[in-house]
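Here subunit A shows up in two complexes: once beside subunit B, once beside subunit C.
Let's turn to the complex of A and B:
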């Protein structure tokens, strides 16, 4: 195999020094001359009719510039189902509903002023769970619909009845997956500014700059071509910013009325209240296998509470059906998901996008089957593992596939048995869980592409202008590594420009573990085009054909050993009569298809990533406390462009996954968040983290850039499954409701003891 | 947060003068509780008096067979004091499991007490150590057993114009052990906190203190449990009974940090475990 100079190297993230020394300008640091500050007034009720809004006291407060309400904007609607509006006029449908906003000289006064807005309501009956929302005579949440039922997603392959008839063992389990919050270090922030010609510029932490242009245009009743979006350094997003939310247009409405730039920045409480959450799910899975260990069928039905407005949470069944239908080889599968409106929180995209939920129920059922069969859980999975170069019943074209290698690596580690705990009330156990994740985007729009341009200047400095967005995942570093590899320059000589919709080429957004793969392929194609131009000119200088040249350490070398520096080639091409620049461009759209809108069959991603984790836990049987002693993560990543960055993604994902497994839950009561802070919303801290061992399986994907596949999400997806299986191994109780808090574990132990 | 006036006097005298002229002023030491309340709007003082520059609030010293702990001592200061480590290792442990190092370098023992949170980590150990609150005002001073200091969540017996200057701790007799039950190792509030001190003579318990946190409106002494233990030799059966009795004596509520049943169970387990540790 060719020796690489930049790809495959452990390089600290190029943006890390500025971030850790406080030099990076995050959205929250961003200031403009004359900028004022906004604050939003939310609903006081989960469902109510607005009778009157009195803003006079707020307007009279010293330091207040203006107050905005729905009266300040044309009546527009946005969202997939056009069910949301920037500011609510007649009815509020949840505690997150925005009613008014204040612009003031500082945030403190703005927040004080929103409390002075007097709103009279007529309280309407509200529903806070799927069953109540679906009951006959339930209050209708969205007025233009016949019921609160939004949509049913169904998927089928094979014949589940036949599968069940062929089964020697059948298991069934019902799981309840919670709301969790992205808990990014940086809360949502936006600065909006109108110029004299009514062009809008936004500085936003969005993950979808180009889609946001379009959505905002619709929400504001203006043309997207007059909207420019700039992205400052983003302090984490994890899917939170994958959609338009009312605060985006509200900032623009405020800036328009105030006629100065306006900044809107969420408090942590607002982040919990108004931001999206991971989709909660109540799901029942039935699954079967033959005595020889072959899987026979899966039958899954679930309900999803999507809140009062539809965002991405409602599409997570698409991903859950993929795990259900295609993770391991299952001949007969039936899947049904019902999405329902309630007066609860809104649900959106979050790292894993349905996979943390589906991995939990699928892998719980896998362990239950293995136990009934008397098989080793890892060997059982190996027997049913997906294989390279196969097409699943659903139509996923699995090319590279390291699932079996991941499982074998864990089997090898599992040969070292767990040491027994030191005290009798402590019990130890071990469990595995896995995930199938898209490894290079997901075609949910007609284009899943990304544009890139590569320019090389007279000094040999390289700019990669990419449509993709950096949200802390390390894309700037790995993209620079790929371009540096192709052009044979040091990684430090490549700068990645990615923060301006007026400059960068179109990209669908940062999601679906796609940036390394899609933006990487685009960057490589653009770099290759630039290299072709360099070879073209160098061939004149060196007197050798372009095909015979090679680039090495910033030099272009001819077969006879003569060489010329890359920068000299660029200057020679540039400073001559009829000169030209070195400028490569590409748009990469992967060879995938939109799934069929009724059957949901189709190949959504150009590659699929597989991951398995093995957790060793210790359960205190007197308190229910679970400590994770060790987590081994075996991941099929195609190829590590930067092993250090891969480790960062896996370990960061493990932290998020452990929180989902053991400690994190957004608790709501009648639609209101009870723990909108980091005291009672318990993130897993560094002190709680176990030892992590990373095993990178390099399956070398044929379509991926340098063989790489996406790794952004799968680190978090299968942790909860591994932990619940480990708890079962330790104490013989099956926990079906994350987070598996000490109280829940102890209650389960009590139930078991009571027989 | 709304604007407020800020004073930073240098002496207790000045603090008391300010309190007399502005009775509604709030005192701020580390600010780790008050500032949060102000940001959330649950406290909106017009005046805040900082105690940071007040020398008399600081320090730890021995005086006539008892110890004086300045109310302004930070939790980090407690964890770094060799003298406290020597005489009151259980108290030092309790200080070390509060929140994070950053919070501990600001938060003070006086603040932890006067904030009167039922789950405050320092209070059960101080109750078990028979701490006495030394209170001063313009009218004089009074010493109150810490056990009588709390009236309810966030409520103490401090009257307008009074401040907690220091704590007196008698020479400890026997060992004291504190255990905190919380899902996370750090950055967490106690679901329950249990402090047990035993003075033993030839295996027999001569004096027992069992103090419980986060299982009632105030931290409390489990006096029936103390009586059960006094005069007896610790046996597995007795330790189990003591745990059960302590669980009966407390009155936790269901809240977001734990259900009542779970808190009672944890009291039972931790009282027994602390007794085993003191065996």
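Let's turn to the complex of A and C:
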């Protein structure tokens, strides 16, 4: 294999020094001359009719520039189901509903003024769970609908009844997965500015700059072509910014009325209250296998509370159905998901999408089957593992596939038995859990493409202008490594430009573990085109054919050993009569398809990633506390463009997954968040983290850039599954409701003891 | 993000200057030491001072002096929690205090936070430690601006929970707190035993007038002899995570053992189960002047656990916290007595 100069190297993230020393300009640091500050007034009730809004006291407060309400915006609706509006006029449907906004000289006065807005309500009956929302005579949450039932997603392959008949063992388990929050270090922030021609410029922490242009145009009743979006350094997003939310148009409405730039920045409480959450799910899985260990069927049905307005949470069944249908080889599968409106929080995209949920129930059932069969859980999975170059029943074209290698790596580690605990009330156990994740995007939009331009200047400096977005995942570094590899220049000579919709070419957004793969392929194509131009001019200078040249350490070298520097080639091409610059452009859209809208069959990703984790835990049977001793992560990543960055993704994902497994939950009481702060919402801390071992399986994907596949989401998806299986191994109780808190563990132990 | 409301900051250089400022501004002023609990509460408007009297520039507050004659320790209220946790002489002579201090929140907050601040920590409640808007929407509670206790609507008094890790240890070690207040130009001081400093009322939880300042803590000496003879002490904390969390239950213990291994004196204090640290007198009596049989220990555990009447206003469910009291106290006893 060719030795790479930049790809595969452990390079610290190029933006890391500025971030850790506070030099990076985050959205929250961003200021414009004359900028004022906005604050939002939310609903005081989960469901109520607005009778009157009195803004006079707020307007009279010194320092207030203006107050905005629904009267300041044309009656527009946005969202997939056109069920949301920027500011609510007649009815509020949840505690997150925005009613008015204040623009003032500083954030404090704006927030003070918001409290002075007097709203009279007529309180309406509300529903806070799926059963109540689906009851006869339940209050209707959205107008113009017959019921609160939003949609049913169904999927089938094979014949589940036949599968069950063929089964020697059958298991069933019902799991309840919680709300959790993205908990990005930086809260949502936006600065909006109109120029005199009514062009809107938005500085936003969005993950979807181009789709936001379109959605925002619809929400504001203006043309997307008059909207430009700029992205400052983003302090984490994890899916939170994958959709338009009311605060985006509200910032624009404020800036328009105030006629100056306006900044809107969420408090942590607003982040919990008004931002999206991970989709909670109540799910029952039935699954079977034959005595020889072959899987026979899976039958899954679930309900999803999507809150009062629809965002991406309602599409998580697409991902859960993919895992249900295609993770391990199952001949007969049936899947049904019902999405229902309630007066609760909204649900959105979050790292792993539906996979932390589906991995939990699928892998719980896998361990239950293995136990009934008396098989080793890892060997049972190896027997049923997906294989390279196969097409699943759902139509996923699995090309590279390292699942079996991941499992074998864990089996090898499992040969070292757990040391017994120090005291009799401490019990140790070991469990595995895995995930199937799209490895290079997901065609959920008509295009899953990304554009790139590579230009080389007269000094040999390279700019990659990419459509993709950096949200802390490290894309700037790995994209620079790929371009540097192709052009044979040092990584430091490549700068990645990715923050302006007027400059960069289209990209669908940062999601679905797609940036390394899709933006990487686009960058490589553009770099190759630039290299072609360099070779063309170099061939004149070196008197050798372009095909015979090679690039090495910033030099273009002919077969006879003569060489010329890359920058000299660029200058020679540029500074001549009829001169040309060196620049390559490409748009990469993967060879995938939208799923069929009824059957949900189709190949949505050009590659699929697989990951397994093995958790060693210690359960305190007196207190119910679970300590994770070690987490071994074996991931099929195609190829590590930057092993250090891969480790960062896996370890960061592990932290998020451990929080999902053991400590994090957004607690909601009658639609109101009870723990909207970082004291009561319990993120997994560094003091709780176990030792982590990373095993990278390089399956070298045929379509991926340098063989790479996406790794952004996988790290967080299968932790909870591994932990619940490990707890079962330790103390013989099956926890079905993350987070597996001491109280839940203890209650399960007590139930077991009571027989 | 939530911003701090505006305030005027004063930086007195002596205790006299500090208490004089407090007398001048009265209710409009608050003292600030580390600020790790005060500032978040100001952001959420539990506290609305217009003047803050900073204590950082007052040298007396930072003293940590062991008496020459070995009779005890005087600990300035401004000493950081990390210093209390790591000071070799505190680790040696008052290991329970060092351990309690080391278990408060996280390293950064222990560097800022002070022992005095932790001892005066505001009581906590699910319905109180929320933002202004959150509390306003529900209706203000008994502890701040309202007349309803959302934890138990019939309760005449506030049920917010004492959440200090160090307070139960101070009560168990029978520390004395020195409070300063203005007396004309001068300063007068008052000594209050730790057990009398705390009141079991969430809204009015300190025996301290508004203009008094906690300046120091006086700890008597506890001799620990060789081979298990003498004093043994411990603090055990139940919390969800290994950092950040306030205690769900804290158990401070101090036992003096006789030459024959019998218990000469027992001190057992529970934290985070009421609005003040609760001393388990009954349990102490059971253990006092007798041999430490498993049966007596079990009786003492049950007597102590009776004190814990958890309410639905902190982390974890009621039933869990009820169950935990006896189990966790048992483990706390076992840990210190190495039974």
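Keep in mind that, in the parts below, the second predicted complex is superposed on the first by the 755 of 755 C-alpha atoms of A that agree within 3 Å, B and C clash if a C-alpha of one lies under 4 Å from a C-alpha of the other, contacts with A are read in each partner's own complex, and residues count from 1 in each chain.
Just so it is clear, a residue touches a chain if its C-beta (ideal position, glycine included) is under 8 Å from a C-beta of that chain, and two chains touch if they have at least 3 such contacts.
Every value quoted in this text rests on a predicted model; they were computed, and no experiment measured them.
Superposition of the two structures on subunit A shows subunit C clashing with subunit B. Contacts of A:741 after superposition on the shared chain: both subunit B and subunit C are touched.
In the superposition on chain A, contact of A:700 is made with neither subunit B nor subunit C. In the overlay built on the shared chain, the residue A:622 is in contact with subunit B and with subunit C.
Of the two partner chains, subunit C is the only one that A:265 touches; subunit B does not reach it. Number of subunit A residues touched is higher for C, counting subunit B against subunit C.
Of the two partner chains placed around the shared chain by superposition, subunit C is the only one that A:28 touches, whereas subunit B remains out of contact.
Contacts of subunit A with subunit B, set against its contacts with subunit C after fitting on chain A, overlap at residues 108, 269, 622-623, 663, 674, 678-680, 682, 684-685, 687-688, 741-743, 746-747. Residues of subunit C that touch subunit A in their complex: 1-3, 5-6, 106, 126, 129-134, 136-138, 238, 240-246, 315-317, 319-320, 323-324, 327-328, 330-331. Only residues 108, 112, 269, 622-623, 625, 662-663, 667, 674-675, 678-680, 682, 684-685, 687-688, 741-743, 746-747 of subunit A touch subunit B when the two sit together in their complex. By the touch criterion given at the top, residues 1-3, 40, 181, 183-189, 191, 256-259, 262, 265-266, 269 of subunit B touch subunit A in their complex. Residues 28, 42, 44, 95, 107-108, 111, 115, 187, 265-269, 622-624, 663, 672, 674, 676-680, 682, 684-688, 741-743, 746-747, 750 of subunit A are the ones touching subunit C in the complex.
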